[in-house]
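Both complexes below contain chain A, partnered by chain B and then by chain C.
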Partner chain A sequence: MERQHNSVVRTPLNSVVVQRRSKSKSYRQSYRSCLGAASRLGLTPALTARRLNTSRRAPKSHNITDKVDPEQLTLLLKTEWKLSYVTPLYQFRHTQLKSYSRQLSAFIAAEKQQGLAVDAEGSQSSFRVSFSVVQGMTETADDAETVLIQIHSKPMFAKQDDPQKLVWSGWLACINGNPDYLSSLSKDFICLPLFGSSGPEVLTTLVKSWFQQMFDCCFGPLEISHTSLQWLVALWTNCHTESNIQHLRMIWTLPVTPPLQITYTVDAQDAWELWSSVRKDPEEESEGGEEVEEGGSIDLKEVMRFMQGLKNHFYRHFRLDLSAGSLQQVSTALGSAKYSGRIKVSSDGKNCSQSFSQDTFLLTHTRKDKCCTNIFFLSF
Partner chain B sequence: MAAKQNLSEPSDSDSSSLTDQSVSGRSGNRSLRVAEKERRKNEAEDPFVLALKYFSDVGAGTPVYGNDEFETNLVLVERVAYSKGLSPEAISVMLEFAMSLRMGTGPCVRVLKCLIPATIVPQEPIVRAVVWLGVGKIPISTQVLFIKWVLTVFDMIDAKDQLRAIYGFIFSFVTEENLCPFICHLLYLLTRKESVRVFRVRKLLELQSKLGRQPFLLHLLSLYKVFCPELVTLSIPSRMKSGFRNYNTPWKSALIAVQKRNGSQLASSTSLPFTIKDKTSSRKRKHCHLELPVLSSLVNKQPQTELSSSRKVVPLVQLNSFAQLLENIHRIELPAQMGSLLGSSLALQYLDCVQDESALLRLNFWLGYALHEEFLFYGDGGAYQNSEEALQFLDKLLFTQHFLQEAFSSSEAFLYKFLSVWDGSLLRPQILGLLSNIPVVPSSQIGRLLFEPLMQLFFTSSLFFKCGLMECLNNMLLKWLTWHSVYALEDDLDISLNSHTSINMTLSGFKDSVMELVHFVGRLASVGLQLEGCHTLLLSFVLDFYETVCDTFLKYGLPLVVMPPPGVFYPALFSLDPVSVDRLAYIMYRYKVNLTSAKSQEKVTEQAFHISRQTFREFNHYLVVMVNCLWNSNMFRPGMGVQLGEEVLLKSNVPQYWTSFDLVHHPAFMSYAVDFHQRCWPGRKDMDLNSIKHSKPWSWYLEYLYSQGYDGLKQCVPAP
Partner chain C sequence: MSLLKPFSKLPGLNTANILLVESEEQFQQSLADALVEETAVTVNVRLAKSLPLPMENEESRPRIDLVVFIINLTSELSFQSAEASLKYLDPGYFLGKVCFMVTNARKASAPTERLDAVRKLAASLHCPLLFAEDQTPDGVANATERLLTILKVSAGLVPMATALYLSNLTRCTVPPDIDQPSFD
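== the complex of A and B ==
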């Protein structure tokens, strides 16, 4: 179809020259770029179904502080983040963060005082917003750098010289994003599909609506699915030898009336032993044909066996089959994750640097998991 | 001044111009000259003209009290003003007189109150009057009155360029507290993008901090925001009334009366095309995914675009009419949120010309998000609880797609997922409507994406769903074929669906997809007709579909002929309803026309599009069956499609079973045969339908039948 059409294809997308394009193709073109390489909300490449990992690399201890500034890292730890997914941001520039800070503070001030205009410099605002880049919070070259947003404000009745306090923080990240998808996206877009927020809901809403108006993107709630939570149970337990997880706590709900919530706590050592027992033999693995590095990958089957073991144990004691219920929350000393899409990564004070790396690894891993969840979530 | 000179001229130069004329126009018509002279004389003596002359000439400081001359003249002007309205010149003179305060402030107010224009208002005297404001002797209340008057007659001012030129001067009056609301309104009417400046924004913000949140400041600022969103940040409360309060009361009724009397329809609409969206949020939903974003101008301006910012751009929000859109179509700035385009019919026009790939992607991201959140993730109940809203949203989407004659990719992607969870009844017309819009699906994927979920839905849903789906698939096919017939002309029958990715569709690929679709519908229809006992309604939708299919070659230029399966052909042939049989005959006739023309074309061009022998064989077979059955009374002969054992047929005890489906005995036509019999042989008591079969009555009968509107039969086998 159409020679002129082809000429458009050869023209780079961000070319300044406006191409006369055959009208008919306009939607379809964007459509395939949307569909061909899997938009989050579109279809995955070969119009395939979900991206559901059946096997993952086990976390290897590496010191994330080499990559990421520890000071910034502490900002991300020990806070419970509410997760959302975000469609690609249009015309977002990591170089413009200063100006974004000003504009967002002005926006918040304007929204707080409905019907009162504020100048776009945001100078009179009682909220101070700062955007910053968390360097190194990426896994692949295609991942966009993580952006941290903090909002400081003075308490209502504070004294003149009281310092402003951090009232809200959030971040946008892309860790281990789908490379096919990322590279297919036009240069006008930055993909930071995972948004975590912590602080008053009002501010979260304001930040989201500012992003929507500014970068024409959309935010949707991101739940951590049952399966993802089970993955976390296994992945965290798997870390026990390197960093004490202290306990493995799961919260289940059972569909009975009145609803029954069960908190199931397992001693770290017991959990680890159970986990080791369900792990495949390395020999058995190599029988499978693939040469896997030591402790290299964890299979979904192993996770399921582990969960079954935990459930069996519970049944033996309480005669309650947890299979009928759903896993709502998982927590260990390393962190916690909830079905509602809240995660937290903690740090262990004693073994600081080691646990930093471990935790952040988990954070990234968890995030990676979220990203996957994200993709999974959006593409089935 | 100019106006004044014009007015005073006749009296000053009356004699001289007369002599001029008599000199230059010696050969001119004498009577004309006399008439002219008469007119001038009358004019000079016209008390109104004299009154105006008085006001233009009266010296400063002339006392008002006890001044009878002034009084009579002013009363005269007032009378004219209230009855006919004042001419542009008169307004000019009176405004100058009033604002210059030549006779003090008392007359000034009185004059302002009677300044009712008959036609237009010239802008020069207004500019002069604004200058008089600056002199500062006029009391504030009078100044307010003047600005109110300007606002009232704003639409009647002949040109606004000079007023815009003194924007800064007018702006300086905002600091005057009492004038401020009115000045803001005037500025609102005069503001252009170039008038929005940082220092003006600062001034207004400063005022706001002094006066509090005043609607007039807010309105002006919100307009500034439209032009320069980077200069002012503002959130408009949903409760705020739109527009400025109506300031035109003193003149309004008089103005309307005068206009009515003059028969002029100078619509004085001081109501503003205000852009604040009236949010009538009756329902409060926590997350409303389906709300269209508000059309607003771009804040996030890129530094590199500043280079091109010398090229003036116009935000879409600023455009109010199609004419404006056309005028600015080369320099329209896309809105901050592309989704907002769907909300405005004007913007939709523009969407058709949007060339920007990223813009369409943005639109698709938003649309995909909204559809997914609402129908697939339903975070807060989704469409199942908000069906009214969902209905409106989908209707809007459908309207847009029909307007653009193209589907959005995100809605297509959404549909593929939604079909597998759809119950077949939620928002059925809308979903089927969207479905019929999807572009050609590659044949390798069409089965999994479309057919599997549709098949499940089809066999588990009601008759009405089945009919709806048939109609939807027919529309889908029609769109595909139309698309093909348009674009096949542009190039050598090679259709590339797309450029970016690997899905290139060749003609054969396209044919495969169409064939898949037709076969799929054939399967659905066969089983569906069986399930529903060959329901006439369903049969009618199925025949609709085949009316499209039989004409693919001639109507749409696609060298593809697919015959209906027996499961469709026979139920139609043996239908109890004559219309269905007739339509089948029409379809067979069209197949015949298509096939013959394909065949002849094949001979002429020797081009290698090939309609398989199998198709011809099928067609011939069907045609033989139909003709034998209906016309030749030759049913159940060996070698035909429907074969029954001789002994079974004998056992049925039907006499002359081979005639039982001819046009006389066919259950659908029996009533016609009876009617014909009665008309043909009115006297006969015993009815013998077989007698129609004799050659003469038979041809009469066919003629009779064809005259009943059964054109399909007629075309298939013309009357002898």
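== the complex of A and C ==
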């Protein structure tokens, strides 16, 4: 070309969106193609194999309270955690947790005092940090034990005798880590790639910077991708027979002005029937007489067919094709997951603490700079 | 089936006809305004939401030299609609007269699987894949320039270069290990 163009163009933050049309245009074209082309789409296993698993082992549920202390379990449940990934930690020892607690509380106190002029009463607003190990959450022998971090502090206007309250909690975990990856790390490194935090953002950044200084690791935001959310829809529906999910709620956003947010709630029994019909169809088409595997693997194609069925049903009633939008949040009675990287694990409402069931899954995620992190999804 | 055929009509003198197919019907408007600014050649821009094109215009429609499919990566519907429209094109078009243009590739909300899918589609059809930025006038100008280059060759207005030859040079390729997972 004659002119040298600077091809780097900054994309503006607000994109122009489509005006919502009152007359429904013909989406029939795409609706017809949805059914036929669903299997031909780029969401075939071959393409996603680069990043994500194409089929997953169907979860086997087992009683988690056999392995994990119920009191510690209640700390993890029913809180919404913001997820980040962590690169492997250098020389992190599970035996030195007490000294880590002291160092982190000193660090937080020092950081807090940087902005203040003079602090007369030293221990008034001091933070007490406790590191503890949650035994029993690991699935394989290679996984490192989960570490729970809690920060207690006295509220601002408390009296002298008031006990300290929990203001922030977080955890580092590795469940079902990839054995090839774990064995490829050198011996000084411990891989605890998932970090969940809940509490004020200030404390989260302080904890992260302390970890970065102490253990030479990096934290980064973890978003739950669109495909992972679809996996969760299918996997949670699959758990319906063992623990009642009560409802399947999905939140979609459509890019129109004004922005349209759709909350699509499906009754648990209907979702289960759709899911089991999706799973049964290919087995009926294949030669009769093949035994159905108990707890067999779930393929990405089945997940996509399930999602397509849900979208078709929505289209039939509301003439809105959800393919034009994006899935933002999935929630059932077992827990919820948001696109922004927040998850919440709820206990089964009806049963009491003795009968939890735990399913854990592994996702291998490749970051852009080609460093691999293993992430797990935990659902009860 | 009403296929769009590439060579069933006579070409015009010093004219080039381009068809922009986009399911959202947004970017094609600004692209069209920029494309008709070209002075060296008479550029006729036709817009469509999807194929097949309506039968009523069959006689008055000129010969289409280049068909551009504009796919918005943040919407699955856009990709499905483009893929469905492909079967209404005569196979003769895939010898260098079809091009894919992708927008919003940098958006974090666009899943990576969709871009892989578009790449595989373009590679299997031996078509070039262009990335465009549709929000700023600079981006539109860039996209217009690239489209005009390909359009002039497809319309036969560039001596010693044919559409098939250019598509051989510019076609999309996927790396051979795209199917290999990095870790099991």
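The criterion applied here is as follows: the second predicted complex is superposed on the first by the 277 of 380 C-alpha atoms of A that agree within 3 Å, B and C clash if a C-alpha of one lies under 4 Å from a C-alpha of the other, contacts with A are read in each partner's own complex, and residues count from 1 in each chain.
Heads up, the rule we're going with is that a contact is a pair of C-beta atoms (placed from the backbone, for glycine too) under 8 Å apart; a residue touches a chain by one contact, two chains touch by 3 or more.
The structure displayed is predicted, hence computed values, not measured ones.
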item	value
Which of chain B and chain C A:P255 touches, first, second, both or neither	second
Per-residue contact with chain A, leading partner among chain C and chain B	B
Touching partner for A:P88 - first (chain B), second (chain C), both, neither	first
Touching partner for A:A324 - first (chain B), second (chain C), both, neither	second
Partner chain(s) touched by A:A141 [first = chain B, second = chain C, both, neither]	neither
First, second, both or neither for A:A109, with chain B first and chain C second	first
Shared chain A contacts, counted only where both chain B and chain C touch the same residue	1, 5, 9, 18, 27, 29-30, 32-34, 37, 40-43, 47
Contact set on chain A toward chain B in their complex	1-3, 5-6, 8-9, 13, 18-37, 39-43, 47, 87-88, 90-91, 93, 103, 106-107, 109-111, 113-120, 122, 186, 188-189, 212-218, 220-221, 378, 380
Chain B residues touching chain A - in the complex, by the definition given at the top	201-202, 204-205, 208, 213, 217-218, 221-222, 225, 229-237, 240, 287, 293, 296, 299-300, 302, 336-339, 352, 354-355, 357-358, 360-362, 364-366, 368-373, 377, 379, 404, 406-410, 412-414, 416-417, 439, 445, 448-449, 483, 486-487, 490-491, 494-503
Residues of chain A defined as touching chain C within the complex	1, 5, 7, 9-12, 15-16, 18, 27, 29-30, 32-34, 37, 40-44, 46-53, 178, 180-181, 223, 225-227, 255, 321, 323-326, 339, 364, 366, 372, 374
In the complex, chain C residues that touch chain A	23-24, 26, 50, 74-81, 83-84, 104, 106-109, 111-114, 116-118, 120-121, 133, 135-136, 138-139, 142, 145, 149, 178-184
